[in-house]
Structure formats: structure tokens, C-alpha cells
Amino acid sequence: MSNKKLYGIFTPNMVPLDDRGRINEPELRRIVDWLIEKGITGLYPNGSTGEFTRFSFEERKEIVRIVAEQNAGRRFVLAGAAEANVEKTIEAAAYYHSLGATAVAIVAPFYYKISQEGVYAYFSEIARSSPIDLTLYNIPQFANDISNETIKRLAAEHPRIIGIKDSSRDLPRYVNMMHDITPIRPDFVFLIGCEEILLPSLIMGGDGGTVATSGVVPEVVMKLYNLAMAGRIEEARQVQYGLLDLIKMIIFGADFPEAVRQAVGLRGFKMGRGRQPLSPSQQFSLEDVARTVQCILNQFGLTDAPPGGCDPLPLGLDRQSLDQIVQDVLHGLRAKGG
Amino acid sequence: MSNKKLYGIFTPNMVPLDDRGRINEPELRRIVDWLIEKGITGLYPNGSTGEFTRFSFEERKEIVRIVAEQNAGRRFVLAGAAEANVEKTIEAAAYYHSLGATAVAIVAPFYYKISQEGVYAYFSEIARSSPIDLTLYNIPQFANDISNETIKRLAAEHPRIIGIKDSSRDLPRYVNMMHDITPIRPDFVFLIGCEEILLPSLIMGGDGGTVATSGVVPEVVMKLYNLAMAGRIEEARQVQYGLLDLIKMIIFGADFPEAVRQAVGLRGFKMGRGRQPLSPSQQFSLEDVARTVQCILNQFGLTDAPPGGCDPLPLGLDRQSLDQIVQDVLHGLRAKGG
Amino acid sequence: MSNKKLYGIFTPNMVPLDDRGRINEPELRRIVDWLIEKGITGLYPNGSTGEFTRFSFEERKEIVRIVAEQNAGRRFVLAGAAEANVEKTIEAAAYYHSLGATAVAIVAPFYYKISQEGVYAYFSEIARSSPIDLTLYNIPQFANDISNETIKRLAAEHPRIIGIKDSSRDLPRYVNMMHDITPIRPDFVFLIGCEEILLPSLIMGGDGGTVATSGVVPEVVMKLYNLAMAGRIEEARQVQYGLLDLIKMIIFGADFPEAVRQAVGLRGFKMGRGRQPLSPSQQFSLEDVARTVQCILNQFGLTDAPPGGCDPLPLGLDRQSLDQIVQDVLHGLRAKGG
Amino acid sequence: MSNKKLYGIFTPNMVPLDDRGRINEPELRRIVDWLIEKGITGLYPNGSTGEFTRFSFEERKEIVRIVAEQNAGRRFVLAGAAEANVEKTIEAAAYYHSLGATAVAIVAPFYYKISQEGVYAYFSEIARSSPIDLTLYNIPQFANDISNETIKRLAAEHPRIIGIKDSSRDLPRYVNMMHDITPIRPDFVFLIGCEEILLPSLIMGGDGGTVATSGVVPEVVMKLYNLAMAGRIEEARQVQYGLLDLIKMIIFGADFPEAVRQAVGLRGFKMGRGRQPLSPSQQFSLEDVARTVQCILNQFGLTDAPPGGCDPLPLGLDRQSLDQIVQDVLHGLRAKGG
């Protein structure tokens, strides 16, 4: 489909936890198999959705090991490898390389505010020492920004840096980035991390996306991607709009990524309790969010309705395009015998 | 093309000034004729590009009068009508109505930070009294934000409010807005004010845009719009990318909108000196910007090269798609005998 | 007290409006007399509290005329003179000069975001042409920031620029500014526009403040200033703390400056309805705020309690230091026969 | 001096590294002794200045162990204990308790943006399980903000939470915080983390500060603190102003805390190379900063001048108050036989 090293839809998987709050390895393996079965292009352990900062170094290595083993070469594995300092990051990258990861994703330094010159120095040092290809990960909401100028500079100097995952939610910036970098690095991979505009990014020439929603409704997100790649823009647009309410609930319905955890649970996985404490009022509100998400998934034909049923339709959800999506997804599932 | 009250490309025209710093009426009339001849769908006096805050109330009325008279019903006229308070704003709206404006655009209150409840109250009071349809104008960089919730509330209550011009540069927000409001107000007009993503906004169902670049290269922007409307996405995308360098220079090359003034001047209009003072170093730097803009326009075949010629190509400009655009524009001009 | 051209407490007066929304001249004259009687050092018409942007150019001139006439040379008059462009600003400054204003205050350009070079050019051009001394007015929440570097550059080049009113609420910045500018301009005036930290600013060497609360409780603010000037820091601190609840309510209790209007009204002035529309829920909430303000003023001994009485004490109000302030103010009033 | 559990000046020490980038234990012990000898009130390992995020969990424990052992009960030890999740944080707190730390400091969650309800839940869960008193650490530039409302709620519910270190640089907020919380928790400790306004915070009733500059010139910072506590405000003010240029250079002269490392090195400690990579241009610029810092320290009489000597005086440094400080510090050193 693409001659780039990475492309398509990457799922930043959440990590299921057991009753004692430890990584639930069997359930994580089940999730990997399920995502692959639903057609996901790539696995992305230790992403922001995967709460990488809430695990220890050892746990992060364990997560990638489980995912890479279970994948067994079937899909791309893009492994989040940012650690406390450059030395540890290189150590992680080397380990993920040994596990067969396709590439590692390195988020910009966070907590301290550093200059673009510092961001440049950071990625340069990693790129010089990494035994595996790497992608920049830009998420200025959480970490230091990586400016288009810096990305260009890094792309020009380091063949090891093969692409970027951009979660800035800023399409003007994204198109300028593709415009500026493609002439000097035609192989550079552009993955968007803002699911509301996955389709526009693909139409403008992007290579794919890292999409939290793909961990909840992989069938629908892959449908969107495949329609877009096939140039069936009108249908793809309907799917994109059909996803907006779900995206709003799971990304913004609670402190991220708590609502994603609920939503993945609704697809039949035991996710356990998250590591970030929730107040009683947060727990109560999260139950509401989960009920709404269940109603949306039910309208997609992917879950039962919650006890007590659903209100007619969440405000703003377009019945017609939703029906269309539901029909298509059901049809696709039947065709596969799914 | 559309059954909405407004659609297409609106040019927020700059105001040419004479040697004494007064409105240059003959030149403004020439600009109006030129824009109409090049195919622009609508005129938009007193926009941000038009520096409405730097003119007096009397001057703003004069500007709309000149534009509306010269237009003589040929195109839409969307007139910026925000004044110091509601009473004056209504007075302006009534006057623009009497001049034959299609609608007025009202920017959210600026300077003071006010709550969304206050933004709602402000537009509600205007909508109740306005003798003419109005569009909200959201530009959170400069004025109070109008949240999607507030827009939805206003759209539901006030038929007088027929649409929005959104310059937030935030496509995720824009698609959510269209998704939420269209079901309750199918006639609501969505115009984007971020020219780097004009094409994506149109593909996602937007009705058009208010585009400063259309005051500089109306031929090219209309080509983009017409290709998009015709579903010729691949070609439209090339035009969109071909515009990015020009957009970067004229929007961000100097304190906005000084570089736009230079660029319009390069198309053959006497724009005069702006009202915002420039330091010597700013003037010097603006000359550099103007030279680069001239080189880009020259590559479009729309101006001579500057004295001393041009460097091969501004960084990041994609030769191939540029050639394509240039060929198409030249071809179009020849076809019209232009 | 000071050998600087300006010092002390300046009241940015609100403008009382009559039933038709016009300037209520007799009431404005009453306010001026009352402020002078209570000991205020300076009058500051057309400040942000005075809602300068919601009046027309003609009205702003009228406001200064009334204030300057009624003042009749008794106190400093610092007149806000920012208009739509430099030419109009100079025109306003000249007129205020003719009315006997001590100096004019010019806010940085707002709405458009401009570079520091542009901010420098703007003030330089005004300083070159102004017939009257001027102070910079920095309020980055509402207008373009004036960086410490730019202030230093302007102070070094333009004797006409005699000081700054800084409302950035940023004391680290304020002390650095005093530290950097005083050596090159020992006459430069520093007025703070953040009333919660009036006392710390004075202790660090500031010359005074422009304080919205001084339009509500001029007796208390002048007490704070006079104690600070007399080196009676412990007592001044109690007054500063005693003011915090009032400040919180009138500055942040409603969209600024609506709660100030209520508070001034509680001191016996007919303020009329503001020009910014309020929604029904805003009006309801403003009544609550007014009731709380009345209770605080009642505790100062300055108003009756509202009908229905007051709750024991607004949360966080320190009974002991409040009693102290009340005793002192009452004592001061008795001593003056007030 | 105070009946609170913590008060005075806490030094957030940097961690010296050896040639292989490992913790240099002997040098760290030397730093602890030196700080104590110079009169510092408390030690604060694993603060932001101490680059806690760039070390591993094991290293952070090692750092506190070394500092606590070397301190041997002579001064307060406030140990930074934030880890990847609540369980690890409790583990760290328990270990620091066993080492004899006075309290632990817990920064708000960072990277993910969470709601105030989430911030509340986070600190509540830690407070319920911690075997040692804890202080909140608010640094909204780097981590989620802890609003005054949330602090009040936590202070009211959890006796284990005994204070706050506030680095928001926002004095209006700080005085409101002290005003709101002291009545309900008279024992609550307020430490400011903004060194430009240490004196104003003390005058307003604060209990002390965590001050990076105290790791460079502990003599001068303690002098400021002691003068302030003695009510010698005028002299304290001169010291505060005398510190401003040094603060500007070491806090803002390079990506924080690189310039602090240089400055501590100038006091005679082998700090090693930091873990955050620096580009060639950053290294070059850092040398400039170090030279300026050396000149300032030389003017305090604390170092030799750099090779090549110093320019007359860094811009903005006030010769007179500097001389005063230098005299006082030298005098103090002689008196101690230092």
C-alpha cells in the first residue's frame, strides 16, 4: 500500500491490570490478538493512552515484550521508549530492537521546559546511538513542543529518524510539516495522533494515525482508513463523522485515559482499576460516561445496551450516517464470518 | 451550488490609503472590481485583514458603503459590524442592511475577558435587534472565544444568526461544530478562516472560507475552491499545497496584516502606508518579505521577478506541484482572455 | 512625599450611566468629589475599570472633560488616551493636555497580536508627537504585552514616557523592571495595577497603584497606602489582608467590571445598567455577588447590611484583622468628622 | 523562630555526577556540609533543581539516603518523593521516613492533564497512606496546577498534609492562599519557590522558601532571610535587589537548571556534565552565562574574576546596593572566621 517503513493505523493499547494492580499478561495477549484479527496495521505499546508514565521502567519493558511476542511478526510494532534520561532510553530502544519492534517512538522531554535547541540536542543524541529506527512523538499538550523547524533539522541530519507521530491537533501545522519535509526526506512517515481529523490528514497525504479509538472500535477505524485509501471519500467522511461522539466521550469524557479503559472493557476485556486514584465524584461521573459509551457501541451493533436502556440518541449523532456505518460494519463482520 | 444563504470564498479586503492616510476610494473600487472579475464569491469589508479596529466608526461605514456600491449586487457582501457597544453595532448593522449587504459578521467581544454566558448574552441581544442576518465571527487569538456549546445555543435560539466564520485554526473543533449544529440548523453556514486547511474543511462539508490570500491570488484560491466543489480532490490538494508558502509569508512574515498589504500592492494596487507604525528594522524586514512574496507570485506567473531576480525556489516549495498550478492558472487566464 | 511626577493611589473610575445609557454627568461629578474627599491621590478616567472600549471617542473625551473640570487641579489626573490609531491618540492626548490632565496613559495595541518591535514602534511614534507626558499601560491579559526589554528601550529613548502602570499581576517581573530601569531613569514612575499585592509592591519601592477597589473603599485603600509610606508594615499588612475578600468579589465575582459597578453603587451612587448585556443567569448571580459585597462593606462599617442580613463571615475572612481595620477606619472617619 | 514544623530556607540541591554520569557521593556529601555550614535551614533533595525526573527510582532513593545521612539531624530534610504511581510514591515516602527525613514533598501529577478533582484524589490517597508528613508542591509551569480551592480542601481533610511549596511565581495567588487556609489550619506551612519575591512573601507572612540560588550563594540568601525575620526590611530589600541579576542568569540564562550547575561549580564543587544533552551552540552559550555568573559572584567577593576579567557591571546591577551586600557578606564571613 505504501513504500514507507510505517503506515496505517496504530493502536496505542491500554494495559489491563489484575486485582493487585499488576500487568495482566493473558488479557494483554488477548487484546493483541483481537486487534490483529480486526485488521489493525500496527501495535503501539507505551503510548500516552497506554499510560507509560504510570509504569516503572521494568514494567514498560515487560509490556513491550508481551506485545511483541504475541504479535510474532504479524503487524508493525512501534514501541514507546522514552525513559528518564538518554542512557536509559537507548537501553530501552536496544531491548525493543532485540524483541523485533519495527521502530521506537520517543516523546519530547517533558516536565522541564526546554528550548528548541535542547529538543534538537536530545533527539540528535538518541538518533546517533539508537540501534533501531525511531519516530519523533510530538504532543505539546503534555511535553515540550517539537517545532516544524526542529523536525526539519532532525529529518535532514538523521536517517535513523524515520517519521513523526504528531498529536498536536493542529492540521495547519501538520500540512506545513509534510510540505516542508517531504522534499528533503521522501521516506519520512507522518502519523497523526488526533482522531477527529484522521480522514483530512489522510486526504492531505498523511501515512496514517495513532488512534486511541482504534483500541475500542478497531473495525470502524480500519473501515475509515481503508475507504480513505481507496479514494472513497464520501463514505469515509460518514465514518469519520460517525466516530465523533465516541471520540468526544472516550477522550474528553473523563481525565484521559480513564474513559478509554471503560470503553475497552465494554468490548469484553478485563481492564482492572487504573493506577491514578479517582475521587468518589469522579467514579460516579465515569459510570455515566461508560453508560453513554455503551449506548454508542450498541448503536454500532458492537455491545448490548446497558441495563435500563439508552436515550434515543446522544445529541449531535447523525442517525443516517450512523445507520450507514452500522450496516457496513455488520456486513463486513458477516462477510468475514466474524 | 449551495442552497445556503452564504457560501464560497469571501475576500476580507484591505483598505488602500492615500498619501494623507485617508481611505483611497477609487483604488478600493478598483480592488472590488478586480476581485469580482477574478471570480471571488463574496466581499468581506471590515474583517481582521481589513484592520477594522484601526479605523473610526465613520470610516468603517464609509468602507462598507464603497464596497457595497461598487459591488452593485454582483456578489455576496458580508460586512463586519462590530462596534464599541451593542447600540452602535445595531446602528452599523442597520446601515449595512440599507446598503444591500447580504449579512453582517460580528466578532466576539474583545479586550475584556468575558464568560461564555456573557458571550451568549452579547450575541443574543444583537440577534434580537438586528434588521439583517448575522454570522458569528470566532477568532480566539484576538477576541473572546465562542465555544461550540455557545454556538449551538445561539444557533438553536436565533434564526437571525445564520452561520459562523471560524478562524480558530482548529479543525477538530470545526468538524465537531458542524456535526453538532447541522442536525438542529441544516441551513447554518460554516466558513473557515484558516487558509492552510481550506481544502480539508471543504471536504468535511464546510461551505467556504474567508481567506486573506484570496485578496492576493484570487485566481488560485477560486481554482482550489472550484476543484474541491467538483470533487477533483487530487488536483485541489496540489493547489492547496502550492499556496502554503505564500500563506506563510503573508500571514506570518510580518506583524499581520502588513505583509498582506505588500502582496496586494504587488498585484498592481496603491495600498499606501498602514496606520500601525513600523520601526526601522520592521520596515527593513518587510522589504525582504515583499521580495519573497514577489518571487512566489512570479512563479505563479502573476508578477515580474523583483530587481536582482529570485533564488531558485523558496525552501519547501514543491517544484512539480507548483508548475502544475502555474500551468493551470495561466491556462485559465488565457481561456478567459485574461 | 515623592519627587516623582506621579505617585500614590489612582482610582480608575467607572462611568455612571443614566436611564438611556448616556453618561450621567452630575453623578460622575459627585464621584470625583467623593474620591477627592476620601483622600485619593489621583483620578484615572478611561481606564479598564472605566470600560473605555465600550464608549465612543466623543464619549471618552467627554468623560475626561468632566473629571478634569470637577477635579479643578486638586489631584493628579491620569487620562486614558488610547484610540483606534496613532493620529487619533495624539488628538486625544492634546485635548486632555488642554484640559489640564497631568499625563495620559496609553495601553498597548490590542486585538492584533504584534511583535515587541511593533509595540516599540507604536509607543515611540506617540512619544515623539505627544504634547503631554505619558505612561505606558501594560495589561497582557487584555492587550499585547510590553516586555521589560521594550520598556527599558522606550524609557531610555523618550523622556516623554515618564512611567508605567503595570497590571500584569506578576511581581517577579515588576521588581526586575524597577531594578533594570531605575538606574537609567531615576524619575520613572512605577504604578501597580494588581491590588492584592499593592503593599508588597510599595515595600519593594513602587510609587503607588491604580486600584479598582479604591473606587469602592477609598478610605481603606488610602489607609493601606499611608501606613505603608509611614513604614508601619505590620498594620499595613493587616489592611492588605482585610481587603482580599472584597478584591476577590469585585474583580473576579462577575465578568469584570460588573461587580465593581454594583459595589460603587452600594456606596451611594446611581451607576445605571452597564453597556455589556448580561444573561438572566448572569444577572441573578450578580445579585448574589452584590449581596456578599454589601456584607463585606457592612463589616467595614461602610453600608447597612442587606435585607435578610449576612452570614457570619465570608469564608476566609480573618475576623481579627478585619475588626482592626474596621476600628481604624471608623476612628479615622470620626476624627475627620466624616 | 517559628512554631511550625518547617520554616526557613530550603536548598533544592543539584546532584554532582562523576565522569561516568553516576552520582558523585563524596561531592554530594561535601555540598551538604557546605550548605549547613553556611546556615541553610533545610535540605531539599529530589526537587526540580535537583532534576529528579532525570534519575531512576533507585537513584532518587540513593540521593536522599546520602543527604539524610550526611545531614545527621542537623537541619530539616524535605525529600521529594513523587514516583510513577501512588504505590511507588508511598514506598519512597516510607523509605525517606526511615532515613529520618522531616517530611516529603509531592509534586502534582505531570504529563497528563488532569482535573482538580483528580488532583484532589491523588493527594488524598497519598495522604491517607503516607507514614510521614507531606507538603504539596505546586509548579504549574511543569505539572498540573493545584488550585487554591483544592489546597484548601486537602488542608481541611488531611492533617498529614502540613504545607505547600508554591513555585507558581504568582504572589496574588500566594497571599490569597495564606489568607484562606491559615484560619482553618494555623499550622500550615507556606514556602515560596520564586526567589525574586522571597522578601515580599516573607513580609506577607510566608514561612520561607525553596530557593535554587541558595545552593549558589547560601550566605546571601540566609542574610536576606535573617534580615527579613528581624524586621530589617530596608536592608533585606537591598539584598533582594542585589540577588536579581544572579537569579536571572541562573534560572533563565540557559535551559533550567544547566546554569545552576555552572554556578554551583564556581563555588568549588565538581558537578560533572548534566544528563540532558546540549547542542554545540547551547554549550557555547552556557560558557557565556557561566562567565557572567562568575563576574557576579566575584562582585559578591565569592570567586575570582574569570580569565580576561569582567565588564564594568552587568546591565541593571545597582552598584550601591551591591557594594552594601558585598560589604555585609564579607563582614559576616570575617566575623565567623570564614
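Residue numbering begins at 1 within each chain, and the chains themselves are lettered A, B, C and D in the order written.
Simple rule for what comes next: a contact is a pair of C-beta atoms (placed from the backbone, for glycine too) under 8 Å apart; a residue touches a chain by one contact, two chains touch by 3 or more.
All values reported here derive from a predicted model rather than from experimental measurement.
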item	value
Any chain in contact with subunit A as well as subunit B	none
Least step count from subunit A to subunit C, where 1 means the two chains touch	2
Most widely separated chain from subunit B, with each centre as the mean of CA atoms	D
Between subunit C and subunit B, distance of the C-alpha-averaged centres to the nearest whole Å	38
Distance between chain centroids, defined by C-alpha means - subunit C, subunit D (Å)	36
Centre-to-centre distance between subunit D and subunit B (centres being mean Cα positions), rounded to whole Å	51
Residues within subunit A bordering two or more other chains	none
Partner subunit C, residues of subunit B touching it in the complex	21, 48, 53-57, 84-88, 109-115, 117-118, 120-122, 124-125, 141-143, 255-256, 275-279, 281-282
For the subunit A and subunit B complex, residues of the former touching the latter	169-172, 175-176, 179-180, 182-183, 194, 196-197, 199-200, 203-205, 233, 237, 240-241, 244-245, 248, 315-316, 318
